[in-house]
């Protein structure tokens, strides 16, 4: 078992990638078989991921040398506490694939089914590979896999606006990928290595030069675009709102988190607190941008009528929370940033669960009624009580109402801002949360408390294959909130190791 | 006005980049950290360790084989992206601009292409197979392979290619790149070694070199065939126009 | 003395389970009714089973899930919590009977009863919360669970009131959240303890800010002016909601929070110490309360809608409690806290009456209620008892609270508070007595004086409550009455 | 004066890098300022190429040969750095893949909307 679990981080990546590559082949004769294949592959990946996580928490991080070459000569896969996000990715992947079984035929023809499932598996594989790699260039390669599949998945439907949204995303996303690549190249030029741990060591040795600072700026710009931070968020609303709903769930739940994971890797694994480069001025600036992002996202969401557009803007707002949390760090006293880091990291998990619930619910509504505007969907709560009830739970959760999952991040980030001496961020956060709640209450009102739309007749509850994933996710929203110590216990070592503290570090309130 | 702002912003960015570039170690010097850290081992032991005289091929397939697996996956993703956006060609519903063109294609072109394509394919195979010894490798060979299909299509028309390269086979060949890596990599895994290990001491120690060559060959062929087919498929998907 | 027991958890869980069952099978009228009534009675029994222990100074504790080191979801029934829990669970039984009668023929009854049960559950959760964090969790849940009840009518007016309600209370909630986090950051714990968890070492300035934030937060639900705006508009809700939630559960949750913060987070000695250093936050709170008492009464005078008048009266009466708490003397605190139960019973009677009148005659405005006393004599008699109580005349319950408040004010040397209380009594008389006068001594316009009482489910709760108002006044000193529990609570606060 | 000479020295020594930076911003300008989607995309390709230029330049060694090692291995500095070459091979493939997806998107956009001008497309929306 120990021998086997050692291989798991890389096994889950290749399972998803090879599974994706095989999907068109296994479904040559029967297109619909691609669903079962994708389902099987994602289950397998989930199994491998669980093994890896189990090993992580019993025996510590896994360092895996591809082809047996020791780093820095070969590529290292490094499964550490931040990589636990892969658990979420594979689990959510299963749910999204199950959900797609019925839903996706609503948006695409049967002809394209294998293509769709291939892309879903590849985007999952890209994200998993991205999150577990310990090599800077490998990071870029997986970044491209997931970005390309993301662009394609948005444009897979025949809708008119999708190609435009996808193109916008493609241009911004490619520029950001290239700026990440330039950052990698600069670091390589300065240090002569591509392995993250080795770069960190050699940066210490050579000391900071201008190029190292510029590389940091390039990384931040690149990953900010991927995460949709305020001035570079323009691609997100269209892309996330127009994509087919399961894809929106993946994009909003997981893909934007890739930007966060990338920043964590670069800032806290490569540059490192207490390292040669004092990057707190950058993170401070990022904190301010994050505060603006929270408000901007919440503000624009207020004026939307399209239900998925609202969710997309609220994703921007929530990315602001996460970035605010992870940017509250002090260079010389790492323990002061701990609580904020906890808040940010825990919201990476919680927002993924909550937002995918919301998008999948929206998908169920669209699937059944064909409407996506709030004004058309009014009064649907009486006809689809389970879907709308789940949507309500998720909406309360994202507004941070206790005891749901969204509250934990609020609590920790507020504690973090107080600890850090920047309560102004907490004000932005609370104001943002109020605005968020204001438009989610608009949705709840429309669904439950308004006169039903007469043109919606004979609508019943969504099919089982769509209900099961969203109910599981809704239970997740509640469990992650009520039994918050479970996710927190998982995330605690991640936050501590990011800040260079021992993984068992536990301050009061941590 | 708007242009002015953009130019100004871009200029600031240029200054930022140039300041970084100026601070880098001087270009072309063997004392650079980029040259002195891990490269010596590659240059000195690479032939022995990685089993290729072409060190670049050694790095691509062996030292950084995982990257290359990602890379072939990127190509596959690109194909899937194109198919997601445009859809597969289908002779029942599609034709191409080449076929619809009213201009008769010249006999000379037809003859030359007919004559040359076999040699082009042969050359592509040479490049694929000889990647370990000389410049070349799977990607380059695959690109040439794809180009030969494109040349054929442009002269003899869409339907010929689609008939000669039926969808059933292309679907299999398109995934050849990742599959080649998988087949070669997973053998090491079953023998208790890390993924993508080509040297397996526990099995037939005398033939290590041969086994490694064989495995690398599988990968090279996979990349080449996969790349070529993907290029052809992308071209066909883009070239098609709907029938009225 | 702390005793581990499952009962503090059981009490809120009963109503949550009841709510879930109603959501599931609530379309059946019989099932819904029997579920509501049986759940409320079982809950009442569970809560009251803890009363003897509580009076003997026992503290029942249930540790639920841990949240983080130093914080867990903790239920802890001390005397004050027991007191509030008792009030809300008792009134739930009575209101359930009333609501069954009142909601006959209304729409969406399933939703109504389910959320009603959830609200009560969260109120008991607030009462039994063992630390500020748990209190906040239940406080926010209460806000959300009340919303569907406020907008029950689904008219534009109701929706507007609901929005207003959410904006006010959620803003308040944000303040509380921030203040809780700050408390945790300053002291490393948020558990309620005697006497308080903060220390003067944190700095007087930051403590003052913290206190102000808590007051702004809880002040919204306890409707201290100028944070009271939501309460009158929330009166569009059906009467059972107005009576139980907007006279008892929701508003008292705010007041309860203020009490907790004053005595269990800050503590009497710390507040006095702060006062000696120049920042007397309790004094400011007292002035805010006194202004609210007078202004609320004056505004109540101007209302013609009966429920609106009752709402402003509630605003004024709530500040009695805040006033008592802010005096920082044992008698003042006792008077304030005991007014939680006294005001609850008096005000709920009045709301029940208002609802019964509306249900019977569809009259909402006082100017239309000529001679209503002839038509509904018993109903109006209970109303009269309650108004006398509001004025603080013996032998009603209102007298007890006023007596203790005045004693406390004199102890604290605040003559002005006594004056305010007296003025308020007159104002109370000025806005309640005309209703009584109009009901009994003005002939109805159609001259019809045949007795036509409301349904017994509406009448019975009025009668019980009004009898209880008198009983509380007459037998204030018996061992098993609220006052004894309040004495126990005060003993804990002031470490007597 | 001395500083300036040094700066110029550095500028000339790292001439390739400077060119790469310049190409990068030219591409960036094209991406931002041009409204034709094809031009935008060409800008993107310029950016990518500039980065490849930078990477491959950073592996250059004065007088170095291609790293294909024959029988007689000469001195260590006889070969250029092979890693950047391996990296840009990957980079080029990635750029090609992006190009393929982008072109197919443009084909579809043109089929649907009849224009590739970003401003006109915005109006169509």
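Letters A, B, C and D mark the chains as written, and numbering starts fresh at 1 in each.
In the analysis below, contacts are C-beta pairs under 8 Å (C-beta built on N, C-alpha and C of every residue); 3 or more make two chains touch, one makes a residue touch a chain.
None of these values were measured; they are calculated from a predicted model.
Peer 1: Consider the two chain pairs A-B and A-C; indicate the one with the greater count of contacting C-beta pairs.
Peer 2: When the contacts at A-C and A-B are counted, A-B has more.
Peer 1: Measuring from the mean C-alpha position of chain A to the mean C-alpha position of chain C, what distance in angstrom results?
Peer 2: 44
Peer 1: List the centre-to-centre spacing of chain C and chain D in whole Å, with centres computed as mean CA coordinates.
Peer 2: Their C-alpha centroids are separated by 70 Å.
Peer 1: Calculate how many whole Å lie between the centre of chain A and the centre of chain B, each centre taken as the average of the chain's C-alpha atoms.
Peer 2: Going by mean C-alpha positions, chain A sits 30 Å from chain B.
Peer 1: With centres defined as the mean C-alpha position, give me the chain B-chain D separation in Å.
Peer 2: Comparing mean C-alpha positions, chain D is 18 Å from chain B.
Peer 1: Which residues of chain A are in contact with two or more other chains?
Peer 2: Counting only residues that touch two or more other chains, chain A contributes 137, 141, 144, 148, 151-152, 155, 163, 166, 188-189.
Peer 1: Quick check on chain D: which residues sit in contact with 2+ other chains?
Peer 2: Residues 24, 28, 58, 83-84, 90, 94, 97-98, 101, 105, 108 of chain D each touch two or more of the other chains.
Peer 1: At least two partner chains per residue is the criterion; list those residues in chain B.
Peer 2: Expected reply: 17, 20-22, 24, 32, 34-35, 38-39, 42, 64, 67, 70-71, 74, 77-78, 81-82, 85.
Peer 1: Which pairs of chains touch each other in this structure?
Peer 2: Taking the chains two at a time, the touching pairs are A-B, A-C, A-D, B-D.
Peer 1: Please output the residues of chain A touching chain D within their complex, sorted ascending.
Peer 2: Result: residues 137, 141, 144, 148, 151-152, 155, 160-161, 163-164, 166-167, 170-171, 174-175, 178, 181-182, 185, 188-189, 194 of chain A touch chain D.
Peer 1: For chain B, which residues count as touching chain D in their complex?
Peer 2: Residues 2-3, 6-7, 10-11, 13-14, 17-18, 20-22, 24, 26-30, 32, 34-35, 38-40, 42-44, 46-47, 53-56, 58-60, 64, 67-68, 70-71, 74-75, 77-79, 81-82, 85-86, 133-135, 139, 234, 237-238.
Peer 1: Over in the complex, which chain C residues touch chain A? Could you list them?
Peer 2: Listed in rising order, the residues of chain C that touch chain A are 65-71, 73, 136-137, 140-141, 143-144, 147-148, 151, 154, 159, 163, 166-167, 170-171, 174, 177-178, 181-182, 184-185, 188.
Peer 1: Over in the complex, which chain B residues touch chain A? Could you list them?
Peer 2: Going by the criterion above, the answer is residues 16-17, 19-25, 32-39, 41-42, 62-67, 69-71, 73-74, 76-78, 80-85, 87-88, 168, 171-172, 174-175, 177-179, 182, 185, 188-189, 192-199.
Peer 1: Show me the residue ranges of chain D that touch chain B in the complex, using the header's touch definition.
Peer 2: Per the stated touch rule, the residues are 7, 10-11, 13-18, 20-22, 24-25, 28-29, 32-33, 57-62, 66-70, 73, 76-77, 79, 81-86, 89-90, 93-94, 96-98, 100-101, 103-105, 107-108.
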